[in-house]
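Here's the structure we're looking at; comments come further down.
Order of writing sets the chain letters: A, B, C and D. Residues in each chain are counted from 1.
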Amino acid sequence: MPIVMDKDALSQFLVTDFAQVKDMFTVEEVRDTGVTIRLIAGEQHLRPGGTVSGPAMFALADVSVYLAILAMIGPKALSVTTSCSMDFMRKPVAGVDLLCEVRLLKLGKQLAVGDCLIFSEGKPEPVARANMTYSIPRS
Amino acid sequence: MPIVMDKDALSQFLVTDFAQVKDMFTVEEVRDTGVTIRLIAGEQHLRPGGTVSGPAMFALADVSVYLAILAMIGPKALSVTTSCSMDFMRKPVAGVDLLCEVRLLKLGKQLAVGDCLIFSEGKPEPVARANMTYSIPRS
Amino acid sequence: MPIVMDKDALSQFLVTDFAQVKDMFTVEEVRDTGVTIRLIAGEQHLRPGGTVSGPAMFALADVSVYLAILAMIGPKALSVTTSCSMDFMRKPVAGVDLLCEVRLLKLGKQLAVGDCLIFSEGKPEPVARANMTYSIPRS
Amino acid sequence: MPIVMDKDALSQFLVTDFAQVKDMFTVEEVRDTGVTIRLIAGEQHLRPGGTVSGPAMFALADVSVYLAILAMIGPKALSVTTSCSMDFMRKPVAGVDLLCEVRLLKLGKQLAVGDCLIFSEGKPEPVARANMTYSIPRS
């Protein structure tokens, strides 16, 4: 798919339109098949022991697929998460950022589907996988 | 199933062992088939527009099934979320607490499974459904 | 929700429009919140040992939610399964029919969501749970 | 992960231990990260119109992840499907075989997790995605 918003455009969008979470995520890479998003391992996302919490990983997968859709359709539409499924497979490394690699598998008129692998930075084995479905409003 | 931790015991556990989220959730009811947990609609869980965010609903489902398991097995074991699936079906009502009704469907030696309906307080139709699986460590 | 197709109408629809599986399923009950569908435990759905296979349980959940939607909107629309999630929690009883209890949780303009508990007939504990999402075509 | 059963060994296992479905599936490839399995588009798996049914795609994903696990641990253990999630994204091409590409994401002591992309042979875009979790019995 052709990229409509590149890394700079997506990063700018994150700052202006997602002010609440702008210090939590950064855009690492935009590909024509998806994106890679970083979760900065700050205090507020950590469980006792220093590992990133499940809800923070959910938030990472959610925003990552959302940004992958925007990269392809631009900032005009207001997509809504309709469903997700996640598997938590390994404990994240304490105090380390997470990287979420998204593949955009479908970008239809009504529904978009992406899947994610989430890694502790520097580790080859994923800590979690996720798939998210977004409903795209009729414009 | 017999209840091992009642509402008071679970509420106390939430305060002492989940200090990070103790102001976010309260135990509403403990049944022999599950529990009902309240998400207090505070500023930090809201999206622009005042509705509860997806990650906050994930956190609610996650902690609710966890507490439903503890109600039946007591505070001794450290269960871990292994998978979940959620459907976001309606927009929550702005500024209103959410109630999560859990049914504990299986409590096995290795795995526990619960499902949840999440409601905006006072509304009959669910805003979301979820199912969560926990791995129970061998003791 | 008001029932548009009752038990007789749904049963007739199953025979005429689902000829391939008409000997596999029967409509047990139609409620204003959902339906109960029976899977007749025939040879072709059994694994070695006589228990119903996973794919047969998937087929049961799939057709059950589909029929729950038709019960409310009538036989006019061609809905399509877009996603599902299942947990297999207990081994079905060998040689025994399965009963699938559907709750229709959402019936929107674009998407319908139902969840299911599947029981071996006569047993109180569910063998599986499922949730299915259907896309409803614009008419 | 090192391969314990190669393509020939897995194919032989399919014939002897899965006699019920041996004419439905063939092993296409075994990699150290997963397998590719073919669903032969026979009459019994087709819906009216000639496309492969949802339950047949579920069966394909289920057997594919199972075989991916066996490729790594050998034919000794009896794994059981505990959960799955699928998205049906495009209509399969009528009368065409399906190919299921599995990535084995986790092979733990208790749980194994794999995800799948399912393609109509010759088409670049996936018709479905799935993730399956298996419980591995204690030996």
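Keep this in mind: a contact is a pair of C-beta atoms (placed from the backbone, for glycine too) under 8 Å apart; a residue touches a chain by one contact, two chains touch by 3 or more.
All figures in this text were calculated on a predicted structure; none of them were measured in a lab.
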item: Chain located farthest away, centre of subunit B as origin (C-alpha); value: D
item: Result of counting contacting C-beta pairs for A-B and A-D, higher pair; value: A-B
item: Between subunit B and subunit D, centroid-to-centroid distance (C-alpha), Å; value: 34
item: For subunit A paired with subunit D, centre-to-centre distance based on mean C-alpha positions, whole Å; value: 28
item: Whole-Å gap separating subunit A and subunit B, where each centre is the average of the chain's CA atoms; value: 24
item: Junction residues of subunit A, two or more chains touched; value: 82-83, 85, 87, 89, 133
item: Of subunit D, residues touching subunit C in the complex; value: 20, 47-48, 53-56, 58-59, 62, 80-89
item: Touching residues (chain side subunit D, partner subunit B) in the complex; value: 82-83, 85, 110-111, 133, 135
item: Of subunit B, residues touching subunit C in the complex; value: 85, 87, 89-90, 105-106, 108, 113, 115, 117, 125-126, 129, 131, 133
